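By letter and in written order, the chains are A, B, C and D; residue numbering begins at 1 in each of them.
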């Protein structure tokens, strides 16, 4: 294993220290792996806090999205491991006031349980908390029921909408409604060209053949729906978008935003080529692509490959998408 | 070779089409691989145009830096091949008016010759053109004379300063002076954990051992100064910064900006860890890190590894660094 | 009397931690077949955290409920595996049901087992047959309820509870996982016992051996 | 007379293109040893571009200078290797020096060779001994100048030019590269001839064989 790290056991803390060293908009709690937006007003004057988090290894998620107009706090677990309830609770306490907190959770058991319990404990302390679970991965649509779909890269569109809504001073109820509606309007799916290597393990989780790719895998390297031979960017993009279409989530005259996400070691050249294919496919089927971004937004350590996320939008949602944010990892333009 | 592409022979055009499909701030010329800032005023009303470019494979450089306050145009050659004089000339013609153009060239023979001839032809057509050559790579400092150093990732800091100066409406002479001073205040050096694969070749240029890394290599995979065993992020960072120090370019009380650059397939987690090491090293030696960014800014296809760039700044230079830009790939915050 | 009961309960957690330590690798192995292979580690971390939290408690002054809620908070320090919030919630519910009580009689034990099972069910939203630790805690709690209703002796009470737990753990091998990580494997989980159920049976066996 | 000279010059470029085509792989091989292995390809693309640009020219109307400047523009269509702007600049200078002339006599040939060499020197900022194509063009131009000064016959003129070019190309094998990609290798380039010098010698040999 060749990785730019100091010690497998300190990667998460080292990484978070790096993130906040570079970001004027975020600070790191001394005793928990929790990154908080800097310069928050005192508790009583705070808007609704928007929190997210989960296992590490998905950088720039989630700490990179902390900043005005997006996340108020991000809670980081060990690599691919949910943060403890304590850490989540510390995050809620440090970022939320009487206006309450919205907690955005990707649909994994550990995350749901730890964020869920923390929310309950926070409520017992008098902090209003709402939870939104994101389950945007359509890959396993024929394999598992909808409520057991995984949460993947589209999650950060939910962060953006919720963060923008909170920044406007809306109530917790309203912010939660907007986040839930974003999560419902969201579909994602990934394709990997190889596995990823956990720092503490030192070798890849699985090995794909010279020409083999895995379709529909999860962001921790979980099994996808099938393996196949590498195909052109146009073909792979069509495969993903057709799956979303078949799930009933994409049709002529839809208005969408598109996220082309690199899984960790995909070069920008390839992401731009995929983006071109995806935009062309969508426009070809009569869908209006209102905004589109390509980059590494939610990774799976050093996995090569990409995911596409498509979210339906109306003018109101677009305004939240376009609202300014100080989060370092949110892309420009679109 | 597993790459997300359609055809090795169309990667550059496909990539550029993707870039402009996603960027409201840039358009692609129909008959040349030249990306131009959109919405330019008619020729007579234009500020000084700032152009750059070179071989492709360095994405998001250079097309990603086209936008208000940074590049007016980017000229893309084939992968790792200088663009033709014709293409550069087309870029100058399309972007510059009587106020003239500043052309920023990385120090490679092909680039110097093609951009240089294009500049001469443009001048013959009445367009004032100045050229700035960036040679920021200190890796070969003991091997080649200073004027033969290569241009690498620090180049985009020169883009930023020149672009910001041009946006202020400064004269060509002034913009060129600012860019030259930025180039002189700039030092960079890279370390790779592996080689890169040209789409048209299909296999890596060289193969490093399981634990082997190459110190000081170029962004086309050119030889570095030596191979060594992988070491910790702290150690590798120190190695790079010590080389810059030994070159006389870094000392107590200096004020610098820092660019932590991924070479193409380096995951964000690792870049943040390197950034933490670099900031700590610089601050430890009494250098003030005024701004710092980590990301994939100028890549070498799918090479794993990083480079550090350090540029000395004063308040005026910092103001140019902080000036707003519409370029999609310029990072937020810092 | 209160002193003794609180000490007894604290000793129960110490013994649990020892048993988990001894079976750590085996539990991780079971999790390797259907999950991510860390169940032994997460349980070990969790129960170590519990015992060290309890070490900070003045057991001469503490109530049964105090011990239980300290154990619950301790478990929350565990790395963020599924088991952390599940057991923490179970222990919290147990602390609630033990409030005001100072004797670990069979009725209290029944209520404690039931509270743990209910807490886990509530937190994890699993049902019986979902191939989780619930397939051990639920039947164990039901056996305890039936044993008290039939006025069984202490020995028979614990025998019934332990047997229910062991049967429940064994039965998970014939179930298809629908909760937790193993759920992604579905049919592939058939034939393998659930690691969380296995550790739950170990915990209950430990309680039974103390014959409160 | 102008017609014939322009046609002759256009034929020279055609022959050059043919020769480069035949030696393409060999040139790329030479470049593989010291550079990036594409010199055969870039020269081939360049001269194909020249001949196709010339095909669009009305040779009955065109001047010598027209042919040269069309060749120069054609070369600029070549992929962006070092050779593109070097030869384009050389041909532009030649076009300038041929302006107003309609005969390819030895003086014109001397001026043409000198202009090409000067253009390459000016553009590339290389010096003699830097292990580049200049180590062929410069001695060839000097030989032409001396030959005219000594009033040599047409045959001896071209013999002298060709020999100077061949010696220059051979000598690059003993030089250490300081310009272009090979410069990064420094000592490692010793013993290998320079590809750009080799192709330059081929081009000059082709001109010589036409015996203008």
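Points to keep in mind about this one:
The rule is short, and it goes like this: a contact is a pair of C-beta atoms (placed from the backbone, for glycine too) under 8 Å apart; a residue touches a chain by one contact, two chains touch by 3 or more.
The structure displayed is predicted, hence computed values, not measured ones.
Fewest steps needed to get from chain A to chain C, stepping only to touching chains, is 1. The geometric centre of chain C is 87 Å away from that of chain D, both derived from CA atoms. Averaged C-alpha coordinates give centres for chain A and chain B that are 29 Å from one another.
Distance between chain centres (mean CA atoms), chain A to chain D: 58 Å.
In chain A, there is no position where the chain touches two or more neighbouring chains simultaneously. The multi-chain contact residues of chain D, meaning those touching 2 or more other chains, do not exist; every residue touches at most one other chain. Arrangement of the chains shown, judged by which pairs touch: a linear chain-to-chain path with two open ends.
You'll find the chains touch as A-B, A-C, B-D. Contacts from chain C toward chain A in the complex involve residues 36, 38, 76-82, 84-86, 88-89, 123-124, 178-181, 183-186. Contact residues on chain A toward chain B in their complex (touch as defined above): 2-7, 11, 14-19, 21-25, 56-57, 59-60, 64, 67, 193-194, 210-211, 213, 230, 232-234, 236, 260, 264-277, 279-280, 292-294, 296, 299, 301-302, 304-306, 326-334. Those residues of chain B lying in contact with chain D across their complex are 55, 77-78, 80-87, 109-111, 113-114, 116-117, 140, 143-144, 148, 218, 222-223.
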